[in-house]
């Protein structure tokens, strides 16, 4: 089963690479979809079954559709006007991205040492247990306030986004 | 088998997430297209989510990381909706979504 | 995971392509780029917010039965009620402002200049 | 239930120990079983559904329908399949080849993957995932990007317009569908399909969820109509409205690619009907019979067979209704479509959730039947 995780990780990284460097914005959006799917599988393997579902529902079913609509609304049909790579920040972008690598490598190795790994049996138990009910309980106790705040924020986002996108009468 | 074990440990998750973060930042900086910048932001948010989920399992073996990721995903959706609405508004105004053209405030 | 394997087979069989490209007879594509209705996008926004709210409330909903049987249903009910109230508020806003009317669509950006 | 399936798996591994089965890694089995699910269930269903649909159409229109290939034309679907496979694989020259290839795959994957979580019988589920309902809701959302990309890639105005309409429609109707699944989750307190079906048994006094309370009855109809719209079936088939858009998003698709779209649609219809059956019509539960009593006397294989029979029977009744509607109802207009969804079904579905929650709270989670029986037996002595 570990193979599937490895494949998902490769899918995530490879698709993200294409998202970053492909000049065609539509292809970027499509590969972003695959990247999301790979991340969902990774969540599954980390014992986050409900989150994997949320990831697919929200990102694949929602955000991707939204992005595709926006691309199709703003591009000339079949002629993607913007050959996309190459803003003013190309050089800083490349430099910053390359410069991040050693830091990230350092952080990675250090963090790997710093993590006080949970005891394996506890980890296995955690990974195997269904999370939906637990998340529900948490949303009703410790995380009640953030949850309500976010639902209200979503309402605000709805009103704002619809107001912004509405065609002028 | 070594690679497989690696991929199932926290280092695998951290590696993937850091690569996503790097690619996301790269994408944000190099894209001219405003939607392309949004794609980069989504990558960065996913990187953060992977980190939280990974630490939730490997470090604490508790739920808190997953809760944070849940909130990240929820907010990311709202962010995408609003950002794309702004992009469409901008497009209606300027007939382009080239982010470098978004300099109305500069003058 | 499932489908890729399934797809390899039906597709590997019909690789026998016609010798020449099919003539593009019926629908000549002009340069007429369609600017379609921005209402598609407004609907997508309303959809994603509703979708996200439903996804967020699912785990709470699973707790309701247990709460009814073991006490403490008030809190869960309040949370569900707030969820429904917020969705209805959003829906009413869009309804009143006419975002749900499909017909009077204005095409985005007829090029004026 | 998990204990039981674990037991089953254990006995399976014991049985295979020492044979060559044991040396094959588990993911090969996973792949094989996945392919088996697709080839043994999805493909024949898609094929036979086209035949049945044509026959029903012919009956309703007082025609004969396919009658040449085999007795009663029953091998028509095989002939269709051979025709599709051997057809020219046409990609519009101005279109986008990569997206053109990948779009039908997304559609088929999205609809076939839903099969995995459907409980055919009590112990016959490909994967009784503990987020079952949510999984089906999630995985079927891949269909909309598939349709949208396919319509874009085929470089055809009508395709694009059809694809956009289709995506907007699928996306809109996902909301009433999701909202009318919520009452069931309130009642059963679980997302697991097997658990939801199990609670609808006669012996637990619940009966089917449709009859749990008045609101679930409404939710059932909303789910069915929403499913109809989500699968682009007839009263809601605007994306493929021939008179307006040639053939909609799949205009440029020919041969097996078109076949994949058609297959995806039929499989999606099946998954939707199976979902309705599972959530509201009791899945594999027999009406008015406590199957557990027979468990001792009947061999378990026979029990499973009966359960599968009932599940498929209920599902096919739903599928038949879907096909029947096709020749009965006229097509909606696009503004009516959106109006029906957002101004009709969504408010009603929200109201349903509230109603179900109040019912649950007021009657301690009992169904109508239990409440009535409680009244009948006098004075609420039991509760």
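Order of writing sets the labels: A, B, C and D. Residues in every chain begin at 1.
The rule is simple: a residue touches a chain if its C-beta (ideal position, glycine included) is under 8 Å from a C-beta of that chain, and two chains touch if they have at least 3 such contacts.
Since this is a predicted model, take the numbers as computed values, not measurements.
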Worksheet, complete the sentence: Higher number of C-beta pairs in contact (C-D or A-C) found for C-D
Worksheet entry | Furthest chain, CA centroid comparison against chain D | B
Item to complete: Please compute the C-alpha centroid of chain B, do the same for chain C, then give the distance between them in whole Å.
Response: 21
Fill in: Between chain D and chain B, distance of the C-alpha-averaged centres to the nearest whole Å
33
Practice prompt. Would you please write down the residue numbers of chain D that are in contact with two or more other chains?
Written response: 94, 134, 155, 157, 160, 164, 167, 171, 174, 191
Worksheet, complete the sentence: So chain B residues touching two or more other chains come to 70, 74, 77-78, 80-81, 84-85, 88, 91
Fill in: Residues within chain A bordering two or more other chains
3-4, 50, 53-54, 57-58, 61-63, 65-66, 69-70, 72-73, 77-78, 132, 135, 139, 150, 154, 157-158, 161-162, 165
Worksheet item: Given the complex with chain B, which residues does chain A contribute to the contact?
Response: 2-3, 5-6, 9, 12-13, 16-17, 19-20, 25, 28-29, 32, 35-36, 39, 42-43, 45-48, 50-51, 54-55, 58-59, 62-63, 66-67, 69-71, 73-74, 82, 84-90, 92-94, 96-97, 100-101, 104, 107-108, 111-112, 115-119, 122-123, 125-127, 131, 134-135, 138-139, 143, 146, 150, 153-154, 157-158, 160-162, 164-165
Practice prompt. Spell out the residues on chain C that touch chain B in their complex, using ranges where they run on.
Written response: 38, 41, 45, 48-49, 51-52, 55-56, 108-109, 111, 113
Worksheet entry | Residues of chain D defined as touching chain A within the complex | 26-27, 94, 96, 98-99, 102, 129-131, 134-135, 137-139, 141-142, 144-145, 148-149, 152, 155, 157, 160, 164, 167, 171, 174, 191-192
Worksheet item: Which positions of chain A touch chain C when the two form their complex?
Response: 4, 50, 53-54, 57-58, 61-63, 65-66, 69-70, 72-73, 76-79, 132-133, 135-137, 139-140, 144, 147-148, 150-152, 154-155, 157-159, 161-162, 165-169
Item to complete: Flag every residue of chain A that touches chain D in the complex, lowest number first.
Response: 1, 3-4, 26-27, 30, 33, 49-50, 52-53, 56-57, 60-62, 64-65, 68-69, 72, 77-78, 130, 132
